[in-house]
Amino acid sequence: MAKIAEDVIAAENARAGAALEADYAALGEQLARRGVDIDAVKRKVAGYGVAIPSWGVGTGGTRFARFPGPGEPRDIFDKLDDCAVIHRLTGATPTVSLHIPWDMAPAEDLNSKAEELGLGFDAMNSNTFQDQPGQARSYKFGSLSHSDPATRAQAVEHNLECIALGREIGSKALTVWVGDGSNFPGQANFTRQFERYLEAAKAIYAALPGDWRLFTEHKMYEPAFYSTVVQDWGTNYLIAQELGDKAFCLVDLGHHAPNVNIEMIVARLIRFGKLGGFHFNDSKYGDDDLDTGSIDPYRLFLVFNELVEAEGVPGFDPAHMLDQSHNVTDPIESLMVSAMEVQRAYAQALLVDRAALAGFQDANDALMASATLKAAFRTDVEPILAMARREKGAAADPVAAYRASGYRARVAAERPAASGSGGGIV
Amino acid sequence: MAKIAEDVIAAENARAGAALEADYAALGEQLARRGVDIDAVKRKVAGYGVAIPSWGVGTGGTRFARFPGPGEPRDIFDKLDDCAVIHRLTGATPTVSLHIPWDMAPAEDLNSKAEELGLGFDAMNSNTFQDQPGQARSYKFGSLSHSDPATRAQAVEHNLECIALGREIGSKALTVWVGDGSNFPGQANFTRQFERYLEAAKAIYAALPGDWRLFTEHKMYEPAFYSTVVQDWGTNYLIAQELGDKAFCLVDLGHHAPNVNIEMIVARLIRFGKLGGFHFNDSKYGDDDLDTGSIDPYRLFLVFNELVEAEGVPGFDPAHMLDQSHNVTDPIESLMVSAMEVQRAYAQALLVDRAALAGFQDANDALMASATLKAAFRTDVEPILAMARREKGAAADPVAAYRASGYRARVAAERPAASGSGGGIV
Amino acid sequence: MAKIAEDVIAAENARAGAALEADYAALGEQLARRGVDIDAVKRKVAGYGVAIPSWGVGTGGTRFARFPGPGEPRDIFDKLDDCAVIHRLTGATPTVSLHIPWDMAPAEDLNSKAEELGLGFDAMNSNTFQDQPGQARSYKFGSLSHSDPATRAQAVEHNLECIALGREIGSKALTVWVGDGSNFPGQANFTRQFERYLEAAKAIYAALPGDWRLFTEHKMYEPAFYSTVVQDWGTNYLIAQELGDKAFCLVDLGHHAPNVNIEMIVARLIRFGKLGGFHFNDSKYGDDDLDTGSIDPYRLFLVFNELVEAEGVPGFDPAHMLDQSHNVTDPIESLMVSAMEVQRAYAQALLVDRAALAGFQDANDALMASATLKAAFRTDVEPILAMARREKGAAADPVAAYRASGYRARVAAERPAASGSGGGIV
Amino acid sequence: MAKIAEDVIAAENARAGAALEADYAALGEQLARRGVDIDAVKRKVAGYGVAIPSWGVGTGGTRFARFPGPGEPRDIFDKLDDCAVIHRLTGATPTVSLHIPWDMAPAEDLNSKAEELGLGFDAMNSNTFQDQPGQARSYKFGSLSHSDPATRAQAVEHNLECIALGREIGSKALTVWVGDGSNFPGQANFTRQFERYLEAAKAIYAALPGDWRLFTEHKMYEPAFYSTVVQDWGTNYLIAQELGDKAFCLVDLGHHAPNVNIEMIVARLIRFGKLGGFHFNDSKYGDDDLDTGSIDPYRLFLVFNELVEAEGVPGFDPAHMLDQSHNVTDPIESLMVSAMEVQRAYAQALLVDRAALAGFQDANDALMASATLKAAFRTDVEPILAMARREKGAAADPVAAYRASGYRARVAAERPAASGSGGGIV
């Protein structure tokens, strides 16, 4: 169980009680007039979950500095404790996604800790964008696409280890993101580098269990600043197509060029059966890894509009995970709020009058089509979310309950203070 | 023959004579030291041609205004006269690409005019982004992807007419660019709109002669400002794959998101056998349609670096065309300079020491790999280009010769002044 | 009076009645719990107005094509009729902004028409980005910054005419936007071009009546595609500073570089006393001129958050105007919806708990600061807006009332069909 | 003296000898025909110097990882050794810019080391974007603009220390770059944050020696990802204006929004007397800190075109410094090549026929104006640069001489291997 006193939650929920019920009732009436059953929406929202990345519960940083907060988790077991708090209070994050080697631990220990906390394990994440102490070959110039076959083999081998651990802890997917690319025109031959990537990816794919999925992730730039091997969804699609039926494309909302229409990419990947899932976050400039929905909530809604539109398409089952860098907030708070923002977008998308929308689209009534989406988006669905939480025993207001619980102060006392590390770059 | 007096060219070439020879000799010596045979490069450059779009010889405009110059061409025959001047002086633009219905005319007349001028016909371009007088159905809400089947059928039919005329005048390709998209989230259902596009494109493809190619062109935005059906190379690739072996992707350099690595897209399309060709131009902000190489000449070089790298790949035969909007220059001058800039990038790319480059790439010597490209790029190949022109009887300095010829003043006297047309938009 | 039957509005309002009252009451209760008096907010919203640009009621276009709709206004008097409909139904657009020479007409006629319709006149807009028939000198290469003094003088003179007409019809401001710039590196000397602009702007400023304001407008690009004289707020500020106390900067939301934080620019201009006002619209790529709030409603809210924050600052009185291009919708409908979106953002910004926000800011509680804004933004203020409209005799649902009124069909019968005009550019 | 054997340079220079002389002579002839005295250009190039940032000689990193190379400098004295090598081989980098506290050392030791190596000290750089061990207050939420006065005072104090050290070592400028900003809408009040920044900056400015300059640096984003206090040149200009005559704006080429016309910003700052200098680098996406001229050499040339244009303007004396992150190359090699690229752009800009250019500009002959710049840019000035180096005893080919010298292997043997440090962020 998460280390949050039950009575704190109960007290907070009691405090919110009457107002929540009034707001829920008023919204229910309004939605009934619009032909929507609020309880049906609430049930779908209650059944929705998004995975927490284990690394998300630590304070993030930039290439300039990292400013840790109190009570930074020391290892995967501390991280799981933090993740359990998030799920305990939101009821929306039943699984955790591990990153290897950061989270390497005996499967038995991981399983018993997860069972104790009531958590499951989502996709495994490999890391070939950093060198680890004692590592034979460096990834300075690439990993799966490195010009040296031995380096590629080492990177493949690492991914197989991730699969091996994942099998033992009940994961069903491997997410592969590599930073391979180049910093200078000419540094890499685009085509030969890509061939090497494909060859290595095929070796990983060959080792994938039958009931697993392989998610490859595209990113426009960073850490490579001139070219990146898997730079966009076009290349990502080609990879998934080359690999086979278990290979899918992962969409991180912050990994695209400026101005790109991401919801359209989502639609294309759905249409061609290759949408694997999401890394949710928000961004204003590059891969800013800001809290989901904090910058452009309408864009998040438009992504969910595509997902709800595709519900029922055979085989459609994208994975949902948060992937953020919490530089100035308590990571637990940011992850709770972000999980709720994802739920909010989902709830809003469920409110879209799809029959009316289709009619406006066929009639080229652009104004009413837009208005149909906006009407759903501007509905304040907070009462639905809060009620769904309260009914499953989570907190109506998770941040308030978390602050009231004193959890952060408690772990800060238990866990030694981390020192900030800074880059050497201006 | 082009309406340029032979003696003007001869006089200009004579004037440039000694200096050109000195520069050519000095460069030849330098290149010999670098292991390059200047004459071999010159021969390849001399054999290179880029197509002129018929619409390029008229002054372009923006949505705010168009400011015509003197002697605007009145019809396709005037345009062919202007194109012949460009080819006469540069020797680099042997073909013209027609745009239907703007250039609609009896095939017989087109053929005899072209023969008289020594020109050929490149790809045909259809137009379903404007309404024509008397047209049964409007393209206001789309063409090939319109929600109304009759509008789609009209757009398909128009493309078939383009093919029909093209067959009679010796064209071997159809270029299809549509502006279909949407201006509001919700206006179009991305997937259904795309299905309709695919269905219509397949109908066009089915009518394509066996020795033709179909080029589809992607564009991020404009004239649609929220979504565009063929928005990027990923969607473009999927279209070409769905259609079949004769379908290829056309790359317009100005049709991408900010910061996108275009040369990498070129490499990917080559790798998967779907690079159809180019619309060359330059841009700083959006689809600015500026003169090729005028903003970022190194980017143009990097594209040609990929093309030279791919020379010899079986089936590799991309089409080259200029596609620009000349708002503040004499279009003939801009097209001449642009054709020479394309040749320049080609010549520079031919100078890359590819064996050394491959070695630096394999050794991850990023600095020397970059230096290898830069050494080729910074070589002033103008003497090679000028000598190639002079040797084929074109002008060493086409702009000087053109200005000396008085052509523009002559056609301004023959052709009535066009009035500017302006939009109604701030 | 606007040509909308009173009984249509009454019938529509009656239809919406009970539901609106229930929603308003429920929201009122919720806001009361949050310490907000809903009626006070409603009064502020009811008092808010945004100007309509006369050109906005015509269908817009792109450089590729324009697809007119039925009943396009033929002249400024038709436009005023359309503007009156917008104000009649929304109660939110009491003034119209004229564009000269498009709207040139005898002041007496303008005044009597406006009086009849219950409309006023907002800022005057000059046009030196197009050539008019019979104009002595062309603006092809610039207007206020042209290298030729006579062209500059002509452009100045035109602005003086705008002021002259404006004085007669009660306008109190002149908005100057020029497209002057360049399409090629080297075409213009940045500094000399700017000096010429400043000199011309000073001549206009010198003729400004004492109670007028001069608004200059920056824009990153288009119609110039390499450089623009007034390219950003930095240059715009310098201009306003050079000119004097009556000179202010106008912010068009679509005129910035990708990713730019516009709300911060607004804050800076407020801080330095130079925010003149807004051209509201929305955009995804460039100056897309889409309907306000249709793409990124949170960004619009953040702009209004700055405006509400600055309420009460001495001398703070920015002008509010819509400036959009309606390519695929009925312009009247788009303008009504956009005026309401501006009101919506204002209403949401009024709900921000500013004392709490300031506290979170001082305490660096980023999460709660963000949550404070989001709580205001996600409040569905539609009942406030609708109630404010109904109480002033406008329509609770303006689009429904407009469609029910048959206005478009009526004017389509009276006004001859316009033909689409297309560019010649691919 | 730099630790490079004299005979290595001599041998390399001898090897290049005849070819260099031939190329120089041929270019001299060509330039003479164009009315340019090659020796005069060479003299100006020989007199040109760009400062090296002390941190540039260490391997840089990203937020994901840092992959150190052999022989990383351990302290400022190692760094000065490396800088001396760069200057010894290029003759183009006579000064070093220190970063405090990274380079904190007794002034006496710094002076004697610099004297020994023949180096001088350029601008001082303060660091309030990282926390240092033992620091009283954290910069997690800002430094000069922090909401806490004590934190601001600490940041001011640090800058005063930088000035104090700088006075002792002969520096004449302080460069202030802060990462202060926010990651969430609402986190910071834009105006109050800016007021605090101004107040703190004024305190620093007040302590500036009379013959010093203060350079403030703007940056669009990173490390703050929603807003940055000094986000663009507009704000930077306002700061310099508020502070006074010794305050100037520093332009880092990588700190702007996508597509922004940087050379125009340079021109504006020159016009208003506030251009302080440059941090040279190149970028494709964000603040990529790539090697100068490696991505868009024409843009670099256009910046120098503005600088050469402004030569002779009273008081015009911008500081030139490299500022790059060398992630995949030997930093010494990258800095040498980058210094030469800056010289190259300067040499090319010197070749512009300014009288002809001004004539084309006045005549609106955009094509010839563009051609005038392009003719200068495409001239291969390498013989001028190499000859200038050789004549001052530096290396004709610095990279070749450096590699032949064995310097890196020698320092790798002396300096312990650094371990890579990685972030914890995906």
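By letter and in written order, the chains are A, B, C and D; residue numbering begins at 1 in each of them.
As a convention for this text, contacts are C-beta pairs under 8 Å (C-beta built on N, C-alpha and C of every residue); 3 or more make two chains touch, one makes a residue touch a chain.
The structure presented is a predicted model; accordingly, all values stated were derived computationally and were not measured.
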*Going by C-alpha centroids, which chain is farthest from subunit A? Tell me that one.*
B
_For the interfaces B-C and A-C, which has the higher count of C-beta pairs in contact?_
B-C
*Find the geometric centre of each of subunit C and subunit D from their Cα atoms only, then give the gap between the two centres in Å, rounded to an integer.*
42
*How big is the gap, in whole Å, between where the Cα atoms of subunit A centre and where those of subunit C centre?*
39
*Mind pulling the residue numbers of subunit D that touch at least two other chains?*
140-141, 182-185, 187, 220-221, 226, 258-259, 261, 284-285, 291, 294-295, 298, 328-329, 364, 366-367, 370
*In the complex formed with subunit D, which residues of subunit B make contact?*
19, 22-23, 26-27, 29-30, 33, 258-259, 261, 284-285, 291, 294-299, 328-330, 333-334, 337, 344, 364, 366-368, 370-371, 374, 377-380, 382, 399
_For the subunit C and subunit D complex, residues of the former touching the latter_ = 140-141, 147, 182-192, 194-195, 220-221, 226-227, 231-235, 237-238, 256-261, 263-265, 267-268, 270-272, 298, 302, 305-306, 309, 357-358, 360-364, 366-367, 369-370, 372-373
*Of all residues in subunit C, those that touch subunit B in their complex*: 53, 55, 58, 60-67, 99, 102, 125, 129-131, 133, 138-141, 177, 179, 182-185, 187, 220-223, 225-226, 258, 283-286, 288-291, 294-295, 323, 325, 327-329, 419-426
